[in-house]
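Going in written order, the chains are labelled A, B and C, and every chain counts its residues from 1.
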Amino acid sequence: MSDVAPKKPASGRRKVELDPRLAAYRGVWVFVEHERGATHPVSWELLGEGRKLADQLGVELAAVVLGPPGPPIRYACEEAFHYGADLCYLIEDPVLRDYRNEPYTKGLTALVDKYQPEIVLLGATTLGRDLAGSIATTLATGLTADCTELNIDLENRSLAATRPTFGGSLLCTIQTLNYRPQMATVRPRVMQLPERVEPHSRRVIEEPLDLVESSIITKVLEYIPDDRQNEAQLAYADIIVSGGRGLKRIENFQLVWDLARVLGAEVGATRPLIQAGWVTADRQVGQTGKTVRPKLYIAAGISGAIQHRVGMDASDVIIAINEDANAQIFDFATYAIVGDAMQILPALTEAFSQHLATIRRAG
Amino acid sequence: MPEKFDVIVIGAGPSGNAAAYTAAKAGLKVLQIERGESPGSKNVQGAILYSDALEKIIPDFRDDAPLERHLIEQRMWMMDDESYVGSTFRSQAFNTPPYNRYTIIRAQFDKWFSKRVQDAGALVICETTVTGLHMDGARVVGIQTDRSGGSVYADAVVLADGVNSLLAKKAGFRGELRPRDVALAVKEIHFLPETTIESRFNIGPDEGVAIEMAGKITQGMVGTGFLYTNKESLTLGVGCLLSELRAQRITPHVLIEKMKEHPAIRPLIEGGEMKEYCAHLIPEGGYNAIPPIHGDGWLMVGDAGMFVNSVHREGSNLAMTTGWLAAQTLIELRNEGKPSSAANLARYRQKLDQSFVMKDMKKYRDMPAVLEKNPQFFTQYPELINRAAHTMLLVDGTDKKSKERDVRKRFIQKRSRFGLIGDAFKLWRAFE
Amino acid sequence: MHIVVCIKQVPDSAQIRVHPVHNTIMRQGVPAIINPYDLFALEEALRLKDRYGGFVTVLCMGPSQADAALRKALSFGADDAILVSDRAFAGSDTLATSYALAAAVKQIHRDMPVDLVFAGKQTIDGDTAQVGPGIAKRLGLQLLTYVAKIAALDLEQREITIHRRAEGGVQLLKTELPCLVTVLEGINEMRFATMDDMFRAARHPLKIWDKAAAGIEDLGKIGLKGSPTVVSKVFAPQPKARKADVIETHGNTPKDLAATLVTKLFSHHPQIERQIAGMAS
């Protein structure tokens, strides 16, 4: 949210003068992000969250799927039902083959205008952020980005979206009281993936797009996939070993790789290390990097400043290694070792290695 | 064609701002160069502002300068490990406007001052480091910066670039800074609600207290500590001569941690949240450490000229006053149509000699040496004085005459009669 | 070629502190900087100017102190700088901000037709990445976000080709001018201004536009009134209740500490042990 001057928070009970037309908007929608045949898991995380909101409001949860005709798009709808959707809005059109802002914006806004949901959620991915801003501006409504928590204020029947501000130093709760739909984006891995269950519904409502390719100005000339070989799969990793400035020199970062190899873990790093070129940007964990929620996060030489913390403090177990006994990371770690990471890391590598060898011999 | 100015001021701290403002206001073409992102961008801690020095430069500064609290009370504490003997001066005179001293936060204050400098017509350029001086023989004719095309020329250059003026060294105007001529000090800023500060220090809104401390807090090294009240925070600090810190292999960080635990200090900062920490160098060498401060085409002001009165802990007023006097010198020469030669710029030295600046520096010229050579002032005397106070104030059935004898005996035991007389003499001489 | 670069002056959020008593942002002493992402946009625009010639205007909406940001932008080589500042803008959220900036760009376009609007990927204080798309929508400009590279620019044909970062790959997109581009960090390296640039920037007369000069037509669309989102609560994050279990041993040798940790970890979290044993090479 952009502030020109510091905003005074609205006092507790706010009288809502919601236009009766807008008050009639009902339903929680989740935009299912589907690109090149694959659905981004953030869509399912949002359906899980959307389910809670819809239940509180007593309304339906809908998945919104846009894409080119074919089995993948139908599969996406099917999956949406497995993650709790009551119904699925579907727009199938060849023009939607690759993501482009114009046709996707048109499709989604047309659906919103026709079916009038009160809440629309999107993943805060490059696609989601590109799309959400355009839609919110077209609909002239409120959009809250990168939410970490979504609740319903039953008094106003409105969405209370909590998000970090100023780099995570503070949190603020934002509401869109007088406009509909209320829009919010959420980063991948911030919400939990819900259980995949048997669908209780398979209702699909199809709508046309009404756009011809020739009228769309932006063209996709090519798509160049990333070389996934060395790419970090951090966001969904279960075990991550991460290094920070406390490692002091680039050579020491090898110790992080060594431990990760023994544990079968992914490797992460704090922002200064990416800026210094020790590792590629896809390994950055933190506010401007990735949010992770692994079962085990080992932080070596990391101070635990808020910009990094917000990216990993949802980890189940955090082991922190730092020379400075007063480091912030010890405020929220599960296990703490006060010591020199350059010595502790190899010791851990050895200790884990031995332990694994032992149980393998036994097993 | 590189630009030419009447004056280039290097540095945008109090001395540089005073010089740039005064010169620009009188119509000189002034360029001020600051290497930080913005004036004061690196300084967030509390400091003391002396109205007298600033009033001479900007008489109406109180209208919009960011001021924290005006000081109405000064406490001086002689510290032992678990006690202190102190004196306090609190006066309604200090609580009557116009106020004489204020606490300020340097980051905001420097920014305000810089805006005034710019409004006065000076060109202020930041994020640019002066890497050297352009010389024509022995004459300074301009500066070189770290930006391409970065040479700028002027009739006079004012060096206001701080205690560790690398430029002065590079140009050969002075030698290496000696560790015994500077103190390394650390400051912390602790946040507390306004009302808490006011009730703890017995002051009202906008009123402030300054506590200057000496004694065991510097563990036998020459140094002082202090605590100032800002609006919503306290500034706590301690510093010692760099030469002694090195010899003892102690960091000021260790000292301040210990200081915070002192039973007289801990309750004052209780519940506060420490939000800033920084270290910096303070000139302590006094009169004898003042380097050459003028030459052909150049003047030195502020900490670069070692202008700090270490006895009274005055620095920023000397900084502003030297900057102001330097600018006045240049204005006079311009008006008289005279060049900024070394001979003509000697007038700056004369002005300083006539002002409180040199008079105070001269008065205390022997103090640094005396203190350095006499650690008893930081160890034995604080102990003795505190012990004496304890003895006299403890009501335990002993008669007073015996108590007095006890105190005398202890002093003599520790220092011997000769020692005591000698110490008194040394101090007297140092103060004269 | 005329490029408008939108910048924002923000508090350096790495240095932001929360007031321990009031739980508000302590802005005093925190330096205000140009949003770092916007610098990449500015540098990219300047590189296009170096290559094709033309004019770069920097546009900023903010309080009067934001003039420092504009001067800095000028020092890198921008030709003109406009500060849109008016108390009526106070309290604007992203929708209201994009309305105001779009109006200003329209004004600029009237004086000198605009070919491209550049912006950074997001701000470090708001982090929303919403204003760029908002401006594009309002001006009817094609939107290109997360641009990692400008592959080609054909001013004759009025076409631009870019690389856009998507999940898992890069899109090669081509579209017509005028359009709006938001750039990714790392797309370039900022130049170091020359002394002449610094002088020019310090002396350049900034244009300061109030709401009238910025061409704001509907006052209901700016400031608090024009902001659908309202902040209902600001609070400090709750510190986690749990205290870390500090691993200590007699002697505290790395070997002992490591062994103790491994034992503790696996005895309390057997599922992690299973995971590692199953996965590790």
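We take it that a residue touches a chain if its C-beta (ideal position, glycine included) is under 8 Å from a C-beta of that chain, and two chains touch if they have at least 3 such contacts.
Bear in mind that the values here come from a model prediction, so they are computed numbers and not experimental data.
> Among line, ring, star, complete and other, which best matches the way these chains touch?
line
> Measuring centre to centre, with centres taken as mean CA positions, what chain is farthest from subunit A?
Checked the centroid distances; the maximum from subunit A is B.
> Where the CA atoms of subunit A average out and where those of subunit C average out, how many Å apart are those spots?
19
> Measuring from the mean C-alpha position of subunit A to the mean C-alpha position of subunit B, what distance in angstrom results?
52
> Which whole number of Å gives the spacing of the CA centres of subunit B and subunit C?
Between these chains, centre-to-centre, one finds 40 Å.
> Of all the residues in subunit C, which ones touch at least 2 other chains?
Only 17 qualify.
> What are the residue numbers in subunit A that touch two or more other chains?
none
> What residues on subunit B touch subunit C, complex-wise?
Listed in rising order, the residues are 3, 37-38, 41, 44, 105, 107-108, 123-125, 127-128, 145, 147-152, 191-193, 232, 272-273, 275-276.
> Provide the residue numbers of subunit C that touch subunit A in the complex, in ascending order.
8, 11, 13-14, 16-18, 23-25, 61-63, 89-95, 97-98, 123-134, 136-138, 142-146, 161, 163-176, 186, 224, 227-237, 239-240, 242, 244-247, 252, 254-255, 257-259, 261-262, 264-266, 269, 271-273, 275-277, 279-281
> Could you pull out which subunit C residues touch subunit B in their complex?
Residues 17, 19-21, 26, 28-29, 31, 33, 68, 72, 192-199, 202-203 of subunit C touch subunit B in their complex.
> Quick one: which bits of subunit A touch subunit C in the complex? Just the residue numbers, please.
Going by the criterion above, the answer is residues 1-7, 9-10, 14, 35-36, 38, 40, 98-102, 105, 125-127, 129-130, 132-134, 136-138, 140-146, 153, 160, 164-179, 217-226, 228, 238-239, 261-264, 281, 287-288, 295-296, 306-307, 313, 316-317, 319-320, 330-340, 343-344, 346-348, 350-352, 355-356, 359-360, 363.
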